[in-house]
C-alpha cells in the first residue's frame, strides 16, 4: 500500500481513526473545548518529544528524560522565591548540565547513549532525592511559569503557542539550515560526516544539550501547570515521547525523519491515551495497548532495500 | 618452517588475556570492593552475612546473564525488567501450596519467561524493527500483564520453598549454587554448539556470520528466548527473597542488567564479552550498594553516589581511546 | 588434456537490482580440474554471478545445474553443503572470533560434527594453514588483530577447510604480497590437479595467463566470449572488456607553472608512530605529485596525516610562508587555501548512500550557499548542476538517492563534492580503483585540467600506468620513508619498481 510507505500519513490516518472512534462513543470528542484540552496536554509531550527526536536523529537516544525533567521542575520550584530569572535559569541549567553530560559521554568517551543516558538519569534521580530528602518538593512555581504552563492568551493555552513556536524553529532548522543538514548527515554516517568536514563532536554535544533543555523546559512548564513539582513527574513521559518519535516515522537508527511526523505522533498518542482513560481502561490495559500500537505502526514502515 | 609451534604453550596466557581482559579487570574490582565491604560491615562476618550478600546479587545476576546473551548479538532487551516483574508477580499468586501446585507454578513462571523471550526473538528476527524500540514496546506489554496479575504489590510465596532456597547448604549460599548451577548447565550444554558461537558471530558481524552459514534468525530467537528464561529465573528468585510480587520493580532491573553487562566486559555493540563477566558485574553493583550503605554515606546521598560510581565504571573502557592513533578509529 | 566432467552449468541466468540489470541471460560452464578465469570491468556482473553460484542471492530467471541436476540455493549454506565455496572480495571473516573459530565455523556448515573442542579447532586450523604454507598465523589470534593481507589468507583457508569441489576466488590476491600470491597460485594448481573446479575472478590479466586454462570476458552483465587461455592477446581481451579499442589514456603533461611560488605546500619532518618517518617534500602549484611504492608503506597514512585525521603527528607544514596546523578535516577544509581529501573507500568514507545526489554534492560546501542561517536552495541547485555537467555525470533527478548511480558515477559525485569547494590542494587516495576505463579517462583529464588552473595535487595510486602517465613527480615510499623522488622522464616502470622494492642501496 502506498499509504503505508509514508509514516506521517500512517500516523495521521491513525489519529483521525482514533478521533472518529472516540467521537462515536463520546460525541464531546469533537468539541473545541476537548480539542483545546488535548492539544494542551499534547504540548508537554510535544516539547519532550522534540528533544527525544533530535537525539534519535543523530543515532542516539536520551533516556535521561524522566529525571532531568523532574529535577528541572523541582529545582525551579525550590528556587522560585529568588525570583523568576533565577528560578527559570536554574531549571534550564539542569537541562544544560544534563545535556553536556550526555554529550560528553557520546562524543568524547564514546559510550553508547543507551547506557550512558540511563546513568545520567540515575544521577539526576540521586540529585532529586538529595535535594528533597525524599519528601515532597517544597515551593511553588513563579507566576510567570504558571502563566505559560496553565494560562491562556485569547483563549488559546500558552503552552500550545510555545510548542508552535518551537515547532517552527525546529522545522526551519532541520529543513533549511546547514545545521539541519549536518544533523541528518551525522545520523546517517558519523565517519563520512567527519571526513566531509563536519565538526561531529560539536554537533553531538549540541544536540544532547538541546534535548536536555527541552526536557528541562517540559519539567518547568509542567510544574507551572500543576502548581508544584513532584517526585517522578517525568516518568510517564519517556516511553510516549520515544513512541511518538518512532510512530511519526523517524528511524530509531538515525538519519531520517521529519518533525511533522513527530508532531502527528504526539497528537496521536495523546488522543489514544485520553480515549483509553475515558473508556476507563486500567493502567495495565493501557500499557499493553501502547506496546501493541508501537509494534503495529513501526511494522508498517521501512522496507529494507535488497543488499547488493 | 613450522617454528611457531614451539612457543605456543607459553602464548596461551597472552591470548586468554587478550580475549578476557575486561572481565578480569571487573573481577579484580569486585575483589577490591568486596574486601572493602568486609572491612566496613559492622556486624559479625557470619554465614548470614554471606547469604544476604549472595542473595542480593542473585536476582540481578540472572537478569544480567539474559541481557548479555542478547547484547552479544548486538541487540538489547529493554523488556527484561518487565519479564522479571511479570514472573515475580506470577510467583506471588501461584507459588504456594503443596508440591504439585508448586511444580505447576514453576512451569508457569519459566514458561512465561520463555514465551516472552520467544515473542521478542521472533519479532526481531522476522521484522525490520530495531531491538531497542521493539523491546521497549514489548516491555510495556509485559508490564501491563504484570499489573493485571498484581495491581498492587502483595501476594504470598511458599515460605517453605523460600527457606529451602535462600539460606545455605554447607556454608555455601544456596543462591550462589543455583546461579552457578544454572550457568554450568548452560555452559555444558551449549558451549560447543554452533548456537553459542553463532551468537558471538552475529554480534561481531551479522553479514559475515550469514555468509559463514550461521543460522542468524534461529540464533537470535534463541538468544532472546534465553534472555526471557533467565529473567524468569531472576524474578522467581526475587519472589523467594521478598515473598511478594511487585510489578514496579522492573525498571531498575533493566538499567542494572545493562550496566552489569557492560561493566562485566561485554561490548554493547556485541561480539565480545563473557556471561560470567555479567555475573561479576551484578555482584559489583550490589556490593557497591552495600558498601555505601554501611560506609555511612547519608541515605539521601546514596543514589547520587551510586550513579557517579556507575558512570565511572562505565568510563573505564574509554581509557583505551587515549592510545588511539587515528581519529576515525572511533567510528565503527 | 583428457575430457573433463561438466560440474556447473548456468543457463539463461538474469538478475536485476531495482533499475539495474546486473546479469542478462548468462550461460556459463565450469569443468572439474580446471581454472576458469572471469574478467571484466567493475559493474560487469562478475560479483553478481558468483553470488548466485554461492547461494548469497537468487537469480530472477534461469537455472543452475550441478552435475547435471537442477539446483536452487536459497542461502550460502545450501551451496556450502554442496561443497561450493566462495572467497569474496569483501571478506566474510568474523572479527571478534579467532582464526581457528572462523575456520571451523564455516567447516561446521558442511555438516561436520556438532561438538568440536577448541583443541580440535586449532589443530584443524593449523592443518589447513599449512596447506597454504602459512606458518606465521597463529590460529588463536583474534581476527580483529590481523592485517588485511593475513585475513585474506585466513579467508582462503576457511574455504579450503571445507574440502571444496568448486572454489570461487574473487580478487583473492588483491591484498597479498607477491610471495603470498605465489602460495595461492601453487594452491590453485594443486587443487586443479586434484579435480577441483576453480572460478577465478581477477583484474590482473597476468594472473590469467599464469593460472587459468579457460577465460570468460564479461561486460555490462553479459558474457561476451569464452576462450582457451593463450588464444587471445591482452589487447583483444581489454577491448572485449571495455567494448571499444583502447585509446590514449592520459592527457598531455604540461609541467608545473614556474612563476607562481606563493602557494607551495611544504612538508617538513612529518613523523607518525613509526609508520611515517621524517618525510619532507614540497608540492608547487600546477603539479601532480604521485605517491608510489608497495602498498602499505605509509602512503595512505601520509594522506590522512595531511588531512588532520591522525593523532600524534609531528610535522611542520607551510603553505607559502603561512603555517598550516593539521588540526582536523573541518579545520583544513575551512582554511584559507583549503586542503581536501578524496577518500578511497567510496561506500564507507565518501558518500551517504540514502541521501540525494544534490545533498551529497553540496554537503561540504554548504557555507557557500547560505544567506544567514538558511540555505539558498536555488543557488545550491544551480551550482551542483553546473558542477555535475562539467564532470559529464548524467543524472535523472538530483533528488534521487545516490544508490541509483553506477560505481564510476558515484566516484564522480565524490569528486564533484570536493571540487565544489574550489580547494587549492587536493589529496586523492586511490581515486580510480574499481572504476571503469571511460570514467578513469574523464578523471585523468579533469585532474590535468585542475593542475593547469594552478591547483596542487597529491595522488596515491597503485596503478603504475597512472604514476607514469599522470604525474609530474613521483615520490616512492618504503617503510614510511621517502626512498626516491622521480621527476619527469625518470618516471618509468623500471625505476618505480627498483625504488619500491628498495633494491638500490
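Order of writing sets the chain letters: A, B and C. Residues in each chain are counted from 1.
Methods note: a residue touches a chain if its C-beta (ideal position, glycine included) is under 8 Å from a C-beta of that chain, and two chains touch if they have at least 3 such contacts.
Small disclaimer: the values here were computed from a predicted structure and weren't measured.
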Open item on the list: Suppose chain centres are the mean of their C-alpha atoms. Which chain sits farthest from chain A?
Closed with: C
Open item on the list: Looking only at C-beta pair counts, which chain-chain interface has the most contacts?
Closed with: A-B
Task: Distance from chain C to chain A - Cα centre to Cα centre, in angstrom - done: 45
Task: Rounded Å distance between chain A and chain B, as computed from the means of their C-alpha atoms - done: 30
Open item on the list: Give the residues of chain B touching no fewer than two other chains, as numbers and ranges.
Closed with: 327-328
TODO: Could you check chain C for residues that touch two or more other chains and list them?
DONE: 309
Task: Multi-chain contact sites of chain A, meaning residues that touch two or more partners - done: 191, 194-195
Open item on the list: Taking the touch rule as given, give the residues of chain C at its contact with chain A in the complex, in rising order.
Closed with: 17-18, 57, 307, 309, 329-330, 332-334, 341, 343, 348-352, 354-355, 359, 363-364, 366-367, 370, 373-375, 403, 417
Open item on the list: For a test of understanding, state which residues of chain A touch chain C in their complex under the given definition.
Closed with: 172, 176-179, 181, 184-185, 188-189, 191-192, 194-199, 255-256, 305-306, 308
Open item on the list: Quick check on the complex: what are the chain A residues that touch chain B?
Closed with: 61, 105, 109-112, 114-116, 118-123, 125-127, 129-130, 133-134, 190-191, 194-195, 239, 242-243, 246, 252-253, 282-292, 294-295, 298-299, 302-304
Open item on the list: Show me the residue ranges of chain B that touch chain A in the complex, using the header's touch definition.
Closed with: 76, 123, 127-130, 132-134, 136-148, 151, 255, 258-259, 262, 268-269, 300-308, 310-311, 314-315, 317-318, 321, 327-328, 330-331
Task: Residue ranges of chain B touching chain C (in the complex, touch as defined) - done: 1-4, 8, 11-12, 15, 18-19, 192-194, 197-198, 200-201, 203-205, 207-215, 271-272, 324-328
